[in-house]
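Labels for the chains are A, B, C and D, by order of writing; each one numbers its residues from 1.
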Amino acid sequence: MVGGGPGAFIGEVHRKAARMDGGIELVAGAFDINPRKSKQMGRELCINSRRAYHNYSEMIERELKLPQGERIDFASITVPNNWHFPIARDFLKAGFHVMCEKPMTFNVKEARALHKIVKQSRLVFGLMHNYTGYPIVKLARDMARQGDLGKIRKIVVQYPQGWLSTLLEKTGQQQAAWRTDPKQSGGSGCMGDIGTHAENLSEYITGLKIREICADLTIFVKGRKLDDDGNCLLRFNNGARGVLHASQISIGEENNLAIWIYGDQRSLEWHQEHPNYLYVKEPNGPVQVWRRGNDYVAVRSPAAARATRLPFGHPEAFIEAFANIYCNFADTVRARTTRTKPDPLALDFPTVGDGLRGMLFIDTLLASAKTKQKWTKMKN
Amino acid sequence: MVGGGPGAFIGEVHRKAARMDGGIELVAGAFDINPRKSKQMGRELCINSRRAYHNYSEMIERELKLPQGERIDFASITVPNNWHFPIARDFLKAGFHVMCEKPMTFNVKEARALHKIVKQSRLVFGLMHNYTGYPIVKLARDMARQGDLGKIRKIVVQYPQGWLSTLLEKTGQQQAAWRTDPKQSGGSGCMGDIGTHAENLSEYITGLKIREICADLTIFVKGRKLDDDGNCLLRFNNGARGVLHASQISIGEENNLAIWIYGDQRSLEWHQEHPNYLYVKEPNGPVQVWRRGNDYVAVRSPAAARATRLPFGHPEAFIEAFANIYCNFADTVRARTTRTKPDPLALDFPTVGDGLRGMLFIDTLLASAKTKQKWTKMKN
Amino acid sequence: MVGGGPGAFIGEVHRKAARMDGGIELVAGAFDINPRKSKQMGRELCINSRRAYHNYSEMIERELKLPQGERIDFASITVPNNWHFPIARDFLKAGFHVMCEKPMTFNVKEARALHKIVKQSRLVFGLMHNYTGYPIVKLARDMARQGDLGKIRKIVVQYPQGWLSTLLEKTGQQQAAWRTDPKQSGGSGCMGDIGTHAENLSEYITGLKIREICADLTIFVKGRKLDDDGNCLLRFNNGARGVLHASQISIGEENNLAIWIYGDQRSLEWHQEHPNYLYVKEPNGPVQVWRRGNDYVAVRSPAAARATRLPFGHPEAFIEAFANIYCNFADTVRARTTRTKPDPLALDFPTVGDGLRGMLFIDTLLASAKTKQKWTKMKN
Amino acid sequence: MVGGGPGAFIGEVHRKAARMDGGIELVAGAFDINPRKSKQMGRELCINSRRAYHNYSEMIERELKLPQGERIDFASITVPNNWHFPIARDFLKAGFHVMCEKPMTFNVKEARALHKIVKQSRLVFGLMHNYTGYPIVKLARDMARQGDLGKIRKIVVQYPQGWLSTLLEKTGQQQAAWRTDPKQSGGSGCMGDIGTHAENLSEYITGLKIREICADLTIFVKGRKLDDDGNCLLRFNNGARGVLHASQISIGEENNLAIWIYGDQRSLEWHQEHPNYLYVKEPNGPVQVWRRGNDYVAVRSPAAARATRLPFGHPEAFIEAFANIYCNFADTVRARTTRTKPDPLALDFPTVGDGLRGMLFIDTLLASAKTKQKWTKMKN
């Protein structure tokens, strides 16, 4: 693991998620940009002290020197955005599989480069678009892509948060500090951090691609350097219309990612904060609430069933969704390592293509925000 | 009453709402464009047969001939949009107060003309933006306008329906037929019919004005002539950003008008289908669910208390909100008639200025939908 | 109308409900036990002053002297419980149809007497168990009685309120005062006032009869004379088990009547505070949310359709349910008056048999609360 | 670990929960009553094959022979109820700390014996009443016990499930089979399995003790040997009244444990299927929705904060609550092992006293179900 030092948020989530199912063991890491803190974290995590490295370059170098069965199988990258690319690149070049936080890179150029590197390697690259790990999201995906909704006409997707409604980054709060710093976070704040989840979710579930964007990005909090709110109109490649809005200044909203997908036959609704339920609506019938863990869900979506640990009514949540991404990624790594064929369902995790889409989305948003023209095309 | 003949929807709602509180009596009407049906409706409503008129012109003429105490006090206009203006104009010119359905007129030109007529008369003009009649909407309005939210930063307002997801207008369904007919409905379908409610609600609660619009209007159902879906970005006169989307093709959505208002101190959330609840959110405190009919609501909003008939937990709904518009309108008419001073809270009903805003909103949407330019200014 | 004077709650609800649909006109009344207040109320209601009577006896006497077409058709009784019987009896004996508030009488003896009087007359007697007027309750009734649930095994029904969590009756609050006074209210407070609604709802929906009760009644507020909380176990005549609990000291509960009915094939759930929704659950399928006003509801339950005024998504609530009882009652009175056959669906309103059940329920509860024996039989 | 072999449900939950936070490592086990299956499970779990034992006696014997630093620190017991006592006893007698599934033993006699053994040892005994591990339950406990509710008057607690609405135990379903078998499960089915959770939750949150019970237990499914539904009235030691109902035949209910606690100042409401929210209600103020992970929660309840892994809006659920019991238990074991003083908050996990209460509850229920007397006292 690279990142996840003292005070980090997402690194510890990676660890809990990776540990939960017993198939992944944390054996080495460069946990902090400060080598002393990295060592300290290694001790806290009961890592062999020789494998708590001063930095990621040392980690690559030394791990490579270990006999093949003792080396790390893959590296998880959970550092601020500006470091994603060089670290991922170096691990890939050294022959290690990689799991990387999103957004994938600092900019589109890096994303294209990384895309190329991954494609040319035969390595497994996973991107932590964790919300696609929810079983019910997989059910929605299977329904939407297999025609249950008919032709998709409209998508509304939102991701409002309220935690940055004041200048939190000036109070020493580490999470706020790097996320609002253009040098670490990239060209966009709110939209890069969470708007990309909304984008990814809409494309993941429907299989459609955003083709045109009209964006209005705003910095509401004085003294902030990156957008803390963004609203946009979307047009998808099949002609569907969309609305995507995200915010970090929406007081009282916690992590309210939600999506509504309207087809000409049926529609779907899902809310991240209540992730075990999918609302399916028909033109002239009762609303159906599909609930995780039931047989009728498993029959409709083997992928949802595979991503389910507990019986119905025993709620599963964020960490489990995260762990599902790790499970599929690890099974794929394991198949590659053992030269066996992975379960086709194991291939269901976000990867470098999704990461490139995310970077293109941010790029297009930023271009759209600057122009007086209504629609800005999103490149491939 | 003009309109509300056999098969009409909203006319009967007007009647139920006006009757409920006992202060308004229906004594005359031209209920249908077909004189025979008008007469028939008069009989069904137990109206004196001499006052079930063949048409509205006859109604005006004959009512004027009655002694002053026996005449109608005001006329309710519940016909398709294209008839609103001439009928309202003629009743006003004849000296009758008027309650009119929305959208107020067929186009902006008529709206400006009507605005002038009302302002020059000393008559009372009410516009049935019924959703502003909910007690909890009045509570929200008092909170938002009196500073509880701090400076308003963002407004998200939606009005999705699904009933026109097929070409219902070709099946003989009367409601669908006129609403999708440009000759009766005006330049916009979905946005004119329900988008205007969303616009009105956002301005009513916050006191802000929409200044710029970027719209994407769509006709999804083949063979339809007017938009059945619309999404837009908004900019308000205080700098607040907004998202407004409405639809008639969102399968499974019934009448899902809802609004989220985010200030820099607090935020609000309200859903029309669950109208007795207001969600108030603070930066670091529990979400508050304010429930209609409680003392703490009355203390915060006398207008909400005035609009409340039942104790808490005894739900009030659509017809009661409608009736609240009528109550305030009728109290104002009564005060005008008796030359007394109305209760200031009685003046709280939508009127010709709101109607003009609605028409300007539609006009701006249509202009925006046609241009490649991102922002289109909304005139005053 | 008898009752509904200044400060009364339910009398005004009766008036609004009866007025709403235009088929019932209030023409006479003895509105208050204080004759001056009765007269005053008559003026406020614009009743002909000769028909605002000093008391109900005068009302009967004088109305009988009017020519048949001018007399009242029926009397609504909305006074405290101890007056229900004599007033109902006298109106019935004078040949008037009667609509009466619940609980029907002061005790079982009166209830049996009234039952006999109604059965021997050929008059229409309606009992205002208003919650059975909700369209969705009628849908539930049709489902439960027509076998959709299979054999019913268990019923949980609750009616918690919190408004009497302090000694409100000593503060001059009129509603609290008579409801907690054994001389006006009868042998039970909470259970008589609202427990009977829960009892009635469970029997109305399922068609089952409570056969045995085990009750625990409590007075929590010091100085109060009647139970303000009650919990009981039930056994129904088909072997089903039940739990019924009601309360007036459950702080924060408003009017939270709700019922869960479990069959061996399906189950139902309904909440009075969200009356437009019925949850239908199957062993291995999504939860179904049936929503008022849809075609699929009308097809399943013509009674629900008949009780519906507005399209889906336009919420209906308490007053409309109340009005539905009045509509059916009035249609039945009208048929009786005109010697025509009423629509069979019009006969769907609570009547004297339901009232007797309610009184027997209260009686059994009181007996059970006093005994150390687990089960107390409920008589017929 | 003893139990958790192939096909087991709760054993794997124990493993995931114990693994998640990195502080507990599974090193040995007797996973199945069939020694071959135990070995097989050991392999699947990558346990050193010498420590995948044939049975628990062998496990005790061999672990004791290992040097102290290499032995297991504690044993988790996740087998059917009838085996809890002998296994727990033997591990305790061998000097190992124990974490045990609930209900704690097969009957009260065993429970008293185990209670004595634990008290006489200086070992740590944890009981997996997992629902007390939810942060929001800890918040509720702190509120209720520290007086926020005032004097508690009424408790309603429910635990309906529907999975045993048919004779599932005859289909080969392993979970159903042992839970409905009196020889493995004990004298009660539904109430022993889940009713005890409801009992435990009500006492854990409030600090009150159930003193008297009036129970109605039923076997609805023909051919079943133990109750599959139970309803009871409760009286608590402070005079509070209660209703507790649980079921395994309530079709459509999944794992709907929920509790309502009414004090004379405030009331609380919590639902296990939506575990991140606590509803706090006051006599005259908005309902408050307290949401996990916020600062205001941490301030009110340090125990809730300690039990929280993720920021607000990132839902936590069942496994995390389970893991919280393990964390506190393991911290206490660690303190005992290292002879340090544990964090006082670490002592917050269910233990042998809670287990004895649970067995007494079942015993009292069974006695009450048989008698014609209304109230049966619950012994201490």
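In this section, a residue touches a chain if its C-beta (ideal position, glycine included) is under 8 Å from a C-beta of that chain, and two chains touch if they have at least 3 such contacts.
Keep in mind it's a predicted model, so treat the numbers as computed, not measured.
C-beta contact counts were set side by side for B-D and B-C; B-C has more.
Distance between Cα centroids is largest for the pairing of chain B with D. Between chain C and chain D the centroid-to-centroid distance comes to 43 Å (mean Cα coordinates, whole Å). Chain B and chain D have CA centres that are 55 Å apart. Chain C has its Cα centroid 35 Å from the Cα centroid of chain B. The set of chain C residues that touch two or more partner chains comprises 253, 287, 291.
Residue ranges on chain B touching chain A, taken from their complex, read 153-154, 156, 158, 160, 162, 165-166, 214, 216, 218, 220, 229, 231-233, 235, 241-243, 245, 247, 249-253, 260, 262-267, 269, 279, 281-283, 287, 371-375. Across the complex, chain B meets chain D through its residues 280, 284-291, 294-296. Put simply, chain D touches chain A in their complex at residues 9, 12-13, 15-16, 19-22, 26, 45-46, 161, 163, 253-256, 272-276, 291, 293, 309-320.
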